[in-house]
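You will see subunit A twice below: alongside subunit B first, and alongside subunit C after that.
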Partner chain A sequence: MDYNVFTKNEVDLLLAEIEDLERNKFCPGRRLAFSPELSRLAQGQGLASVKKALAELVVLDLTVAVKLSPAFLAKIGRWLREEINQKVILDIKVDPSIIAGAIVSYGGKYRDLSAGRGLEEWFTRESTRIQTLINEDR
Partner chain B sequence: MKSFEYYLNKIGEIGYVERVTKGVVGISGLPTAEAEEVILFESGQTGQILFLHSDIIEVLLFDEVPVKSGTRAVRTGERLSIPVGGQYLGHLINPLCQALNQTDPIKKLGETRFLNTDPPRINERSPVLKQLETGVILVDVLIPLGHGQRELIIGDRKTGKTTFLLHTMVNQARMGSVCIWAVIGKKRSEVKQIEEFFANNKVLDKIIIMASSADDATGLIYLTPYSAVTMAEYFRDLGQNVLVVLDDLTIHAKFYRELSLLSERFPGRESYPVDIFFTHAALLERGGNFIVKNGTASITILPAAEVSEEDLSGYIQTNLMSMTDGHLYFDKDSFSKGRRPAINPFLSVTRVGRQTQTPLLRELSRVLMSFLVEYQKVSGFVHFGAELTEETKRTLTKGEKTLEFFNLNSDSPTPVNVGIFLLGLLWSDYQKEVQKETMEGEWRETIDKYINDKNFRGEIDSLIEKSKNIQELKEKAVIFTDRYKV
Partner chain C sequence: MLIEPIFIYILLVTIFFLSAVLIIVVWTQISAFKKFSEIKRETEQLRGSLIEKEADVLCSARRKGKQIIVSALKKATAIEADARVNQKQFKKLLNEELNRVMHRYSLRLEENSQKAFVFYQKSLEENMDKNIKILNDNAEDFKKALLSSLEKEIKEQKEEKLKRLSEEIFKVLQEASGEVLNRSLSLSNHEDLVLEALEKAQKSHGL
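So, the complex of A and B:
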């Protein structure tokens, strides 16, 4: 199945839409409206298969400092699918305190690749030198 | 323990709380987590890995405050350990060794020890050869216990199990043993009463009360006996004899059952998990008499167990009976007849205690036991209103006096030697004409004199030491009483 969805938010929206459709499919006089993405995915197979396939997707948590544009997200998403796993989606969180870089967690593994962490390590490493510098100035 | 971020960056693994039940939390993630590892939650709570499933990790929570779904969790790479040391003597602490009395702070930590360790192997053990005096003559003579023995204290509710254990602990604390009382999931008021009892007897400074109350986190209640034994092992390694009371293991089993059912483990008999036998056996196996640097040191464990309506065939009760070195059965009938302690000597067992007795005491125990069987048989006939022979009447009177003697020390411990002396005197028929009520006063006087008069104590001790059999004991006791006119 070729997914054009890259984030957990998008998957959650699709799943909510499928649930809504399933709930209303037997309501008399009610027209079922599919979003373009769902109608594309559901072509040639039932909603149940789409739902099952969406539930099997694995999440990669990505914490970044600024909000990313949809185009950039899609770029990262495609790269992940090509290089790492066909079934991966992104769960994006924004935390300005990490300054730059990103925190990645996938399948229980966690890596803090942010500038905030680097800065903290740098400060711990260099604190003695900073202290010496201040003392010299006195 | 360090911060959440420290462990997150150091170990580089993260988990998310998926489901929360009372005391047990299910976590996804943490791919290389290990059994019994300590888990730290983002919200500050700690827990220990209880079971590892393929998709989820069950964590035992040690905090009353529940964790929310979605909370992040990290591995610490450490197994659960508690601080141990002499600084806890005289304190009321929880199973994680935190003071329960806010007004009574404990000096900062020393050594820490892992909570779950393998029991010492056979080559590290030594035979149980030294008698553990309980201060209760019935037990010390008829069903003796040894240092390093694991004796189950079993009986219905309100039959005096706790009172017996309290007296034993006071006696042992006075004799120099380190004592640890583990209260497992009981009411806070009961914990307070136990503390007050020890304080009133001025032995609190030799006792550690490790308590978890019924409203504590289930995880904490589950840990209580393990923490108590871990603490005992510290004192054992210092060469000290330790007495541990686990009050009680039937409650512990119930809490473990709750945890296992919440973790969706397959239930076994009476819904207990299939490893309940192992859980208790591995704990009690940590007791015994051990070879240490300067000789031997013992951990005597007295676990309590409650039965319902005198039914000794319960699952947990029979498990415990089979993993201990005997049991003292507290009988409801004996209790209602006014016997204190209400121990049924015929249904009680001691497997290693007899080897700690002197030949004299062993003989006395044998004679007394067969006499009590006869007395019980004879007293059964009396109910039919049969005409009694002189011999039968004598047996009845002697039996009543013997039982009265065993009832004597319900409020304070009786040293074993003065007990042997008085039994010798009772057996000699020296006071056969004296009424039961008068004898009671005389016995008390003798016991008080033994405790307070050093010379008197010395003479009785040497009399007991020199007596090779009951006949000699009886003769010497009569001569001694004639001389002293006690």
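So, the complex of A and C:
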């Protein structure tokens, strides 16, 4: 199945839509139209299969400093599917304190590759020199 | 009907005997009544005499009691009068004695306080001289010690404050660096850095 969804938010919205459609299956004024993405996924197969396939997707937690554009998210989503796993989706969290870069958590592994951590390490490493400079300035 | 003479005789004897018995009984009763009357009279006389004696005894007891009370009152009045006199005299004597004692003690107290004052003044002057000397001797040492202690304390406080200030500047510098770096990066730079981080993670088998 070709998933054109790359974030957990998008998957959650699709699952909610499927739930809604299933719940109102026998109601007289039921919803008939799917969202374009769900229509595309449901072509040739039932909603149950789509639901099952969406539930099998694997989440990669990605913490970033700023809100990223959907195009860029799609780009890294595709890249991750090529390089790591075909069923991966992104759970994006925005935390300005990390300054830049990203914190990645996937399959029980955690990597802090943020500029915040790098800056902190640099300051720890250079603290004596910085303190000396501060004291000299005074 | 003919009655035997023996029966008549027995009847006469019986009548005689009964008459004799009756006479004896009557006489005995009369004599007993006489004795009773006599005893009654004697009893009445005795009772009368007893009442008289009792009245006499009561009368004499009352008289004696009255005499005792009168004499006791007289004695009490006399004792009270004596006591008043004695109290006045005692008060007078006590006052005189107290005045005498107070006068004596005030004189002695004045004398002693004068002595004590002289002694105290002398000792105070001696002590003051001694203390002034000791103070003069110690003042210089104290001044030096105080200055040294104050200098040390000021130095320590200064160092502590400078250390705290340095820490604060360091913290501010760190935060400011982060903020400046964050703001100086464009969205495109951020995206490049995210991609770079992912690639680095993938290359170092972090994913």
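Here is the rule we use: the second predicted complex is superposed on the first by the 134 of 138 C-alpha atoms of A that agree within 3 Å, B and C clash if a C-alpha of one lies under 4 Å from a C-alpha of the other, contacts with A are read in each partner's own complex, and residues count from 1 in each chain.
Everything that follows uses one rule, which is that a contact is a pair of C-beta atoms (placed from the backbone, for glycine too) under 8 Å apart; a residue touches a chain by one contact, two chains touch by 3 or more.
Model, not experiment: these values are computed from the prediction.
Asks: Both complexes share subunit A, so when I overlay them there, do subunit B and subunit C fit or clash?
Replies: fit
Asks: Between subunit B (first) and subunit C (second), which, if any, makes contact with A:Leu41: first, second, both or neither?
Replies: In the superposed model, A:Leu41 contacts neither subunit B nor subunit C.
Asks: For the overlay on chain A, what angle lies at subunit A between subunit B and subunit C, C-alpha centres, nearest 10°?
Replies: Angle at the centre of subunit A: 40 degrees.
Asks: Who wins on subunit A residues touched, subunit B or subunit C?
Replies: Between subunit B and subunit C, C touches the greater number of residues in subunit A.
Asks: With the two complexes superposed on chain A, say which partner A:Glu83 touches: subunit B (first), subunit C (second), both, or neither.
Replies: Touch partner of A:Glu83: subunit C, not subunit B.
Asks: In the overlay, answer first, second, both or neither for which of subunit B and subunit C A:Ser69 touches.
Replies: So A:Ser69 only meets subunit C here.
Asks: By the touch definition at the top of the document, which applies to A:Gln131: first (subunit B), second (subunit C), both, or neither?
Replies: second
Asks: Of the partners subunit B and subunit C, which touch A:Lys109 in the superposed model: first, second, both, neither?
Replies: Once the two structures are laid over each other on A, A:Lys109 reaches both partners.
Asks: Contact-wise, after the overlay, does A:Val5 reach subunit B, subunit C, both or neither (first, second, both, neither)?
Replies: It touches nothing on subunit B or subunit C.
Asks: Looking at A:Arg117, would you say it contacts subunit B, subunit C, both, or neither? Reply first, second, both or neither.
Replies: Once the two structures are laid over each other on A, A:Arg117 reaches subunit B alone.
Asks: Of the two partner chains, subunit B (first) and subunit C (second), which one does A:Leu54 touch, if any: first, second, both, or neither?
Replies: A:Leu54: touches no partner chain.
Asks: Between subunit B and subunit C, what is the tightest CA to CA spacing in Å in the combined model?
Replies: 9
Asks: Once the two structures are superposed, pull the subunit A residues common to the subunit B and subunit C interfaces.
Replies: Looking at subunit A, the two contact sets intersect at 107, 109, 111.
Asks: Give every residue of subunit C touching subunit A within the complex, in rising order.
Replies: Result: residues 162, 165-166, 169-170, 173-174, 177-178, 181-182, 185, 187, 189-191, 193-198, 200-202, 204, 206-207 of subunit C touch subunit A.
Asks: Can you name the residues of subunit A that touch subunit B in the complex?
Replies: Per the stated touch rule, the residues are 105, 107-112, 117.
Asks: In the complex of these two chains, what residues of subunit B are touching subunit A?
Replies: Residues 8-9, 12-15, 28-31 of subunit B touch subunit A in their complex.
Asks: Provide the residue numbers of subunit A that touch subunit C in the complex, in ascending order.
Replies: My answer: residues 60, 62, 64-66, 68-69, 72, 76, 79-80, 83-84, 96-97, 99-102, 104, 106-107, 109, 111, 113-116, 119-120, 123, 127, 130-131, 134-135, 138.
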